[in-house]
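Below you'll find the structure I mean.
Labels run A, B and C following the written order; every chain starts at residue 1.
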């Protein structure tokens, strides 16, 4: 059989496979359509969306620019602080967990158990943590920090593990030949390899945490979220507008900064 | 001076890596160890700085009985012996100079070890070492931006910064292209001649070995089958060392290596 | 900039050569980090003392979740299914809409710089908005219920898949595209036969990956009234019904794990 014929025969089977997948996907699509009930749609929806746009275009400038404790600026700084502290807490917690989950450091069963724990930590939605931590520290930004911390652990630890498992151990051999002790090998052989990856991953997570932190206010864990929902519920769309504008600008700035820093870390 | 007296090495799984090895290597010699893969070349070199333990006989380096060394003594002993590897073994994510400075680490006081702050003197020494291998201008560049040949020179500089009496090189040019190989070999030769440092090198490229080394040691199945000046090496001797495989080896040393590894 | 403020230190070698050593950034970075930490601690009322004295409460709550209340599962089932449906629908429609958006945002396909810029800005603005905020706004426009959730997920998927897709398209090998244009195909035909095959696996794989994440997100959208298990979580924690919360979390973990396994299987096949 020539290769051409082989290919010709291989092709229909592939087609059948694709067809099955396509039908499956279409089926899933139809099935999930049943979840949506168009009767729910508010009759005034159009009017409201028009109001929202109007609010965003005409933001409450006073709220946006003054510097009191209720101002957008203060809330944004608080959100930023929650994201930052949360990232630090998360990074601190993640490092030991990552080493415990790295299959080249600990025995396989232990690594597997830690990974399972990480999956569970990652799957529990942030708001659940938020509601739980409010019982711990009372409502306020501190609960937000703890929430961000623990939600960061899931992803940070996972990416740290990848870095640990990709460690280049050949450099340790050369350090042995130089006459280095185990401690010196860790400090000068392993630490520099991990540092830049860990930093880059952590900065990336900080960027994501900005978004997370901005919704925590919904459960009373500080930041810009609470005033946002409050303004929405009382239909003060120009306040919503100023809060959203501030939030979007801040998040974009942080993203820009994060990309720049990570680029530097990777390229050196 | 390095003396091998009836050195034996048997691996725990029973493989005999070295047997009846008797050698005397004087200070300042340039020795190339050749032989098939698995013949025991790498083991021979790694016994000298105790990366491997010998299981029989005596190994004496400058009147030090290598087998008798313990813990801290081994580490101090290794300070005098540099080692170069096929895969360069550098921390690629940091700068060249930081890699070179690593060779000073064992001498640092604890607080400097922790903070990674080196003295100005050490920095100058590291820069000098880089200058000797001709990559001074790359001192503050990250290693992952260098070519293979440049990386091997960084490794060489790191070894030079140790101020060693002996340099052991385990297949230093096996991952390099022919042109860079020559440049690195020239560096070895210059260091050997100008600084009177002994170079003991494992090498697959016979022609390069014959050109650069003063002395050739041929190993077959863990035994020394030839030991003498490079110019005395004949085709017959090579055939003896390589067990008749010389044609295949000389034509494609890299491929041979790739198959064996 | 930094090098101008702190000029490189000159190191003189005994051989007479001079090497310029750039000043280390480490002290500055450390200073900024410490300052940011101190400020953040003050802004967030962070207190290790509170943390260590009260953290037991957190584990207490977790303890109460175990064992979960098994017979609350039937009540949970409907919400779980609707969470899944929301994320499926949102991801599918979002990924589909992302296609034209990404193409229009690719500088190597669309000649008009204005169009490219506009679509890039739309995508990055959409990505900035946290999903929960979009969901919240959606509940005002589309009423309470899964519809709002679908819209929120749709918008997020659109922005995420859209961005990754246009980055992929822009990094594609343009050789085949030019070759096909040169043999007389229109730009659209050339796109179909030169670009699509190159980006299709990546597109499908990102969409699947996004779907995985969306299941997680969908779980909380109910909190603002956008359907799914979020509402149950809110109520149960409110009533301190922790064993039921435990059940919800267990169900979520299992669901997400299953979906990730299936999706990973397909993503590996694609790459």
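In the analysis below, contacts are C-beta pairs under 8 Å (C-beta built on N, C-alpha and C of every residue); 3 or more make two chains touch, one makes a residue touch a chain.
These numbers come from a predicted model, not from an experiment.
K.L.:
Listed by label, which chains are in contact with chain A and with chain C?
P.N.:
B
K.L.:
Among the chains, which is located farthest from chain A on the basis of C-alpha centroids?
P.N.:
Looking at centroid distances, B is the chain farthest away.
K.L.:
In terms of C-beta pairs in contact, which two chains are most connected?
P.N.:
A-C
K.L.:
When the C-alpha atoms of chain A and chain C are each averaged to a single point, how far apart are the two points in Å?
P.N.:
The mean C-alpha positions of chain A and chain C differ by 7 Å.
K.L.:
Using Cα averages as centroids, what's the distance between chain B and chain C in whole Å?
P.N.:
Inter-chain centre distance comes to 50 Å.
K.L.:
Which residues of chain C touch chain A in their complex?
P.N.:
Chain C residues touching chain A: 36-37, 39-41, 43-47, 50-51, 54-55, 57-58, 61-62, 81-82, 84-86, 88-89, 92, 124-125, 128-133, 136-137, 140-147, 150, 216, 219-220, 223-224, 227, 230, 233-234, 237, 245, 249, 252-253, 256-257.
K.L.:
In their shared complex, at which residues does chain B touch chain C?
P.N.:
120, 123-124, 127-128, 131, 136, 139-140
K.L.:
Help me check something: in the complex, which residues belonging to chain A touch chain B?
P.N.:
168, 170-171, 173-181, 183-184, 187-189, 192-193, 195-197, 268
K.L.:
Within the complex, which stretch of chain A touches chain C?
P.N.:
25, 28-29, 31-38, 40-42, 45-46, 48-49, 52, 77-78, 80-82, 84-85, 88, 119-120, 122-128, 131-133, 135-137, 140-142, 144-146, 211-212, 214-215, 218-219, 222, 225, 228-229, 232, 244, 247-248, 251-252, 255
K.L.:
Mind listing the chain B positions that touch chain A in their complex?
P.N.:
Residues 49, 51, 74-79, 81-83, 85, 87, 89-95, 98, 102-103, 105-106, 113-114, 116, 141-142, 144-145, 155, 158, 162, 168 of chain B touch chain A in their complex.
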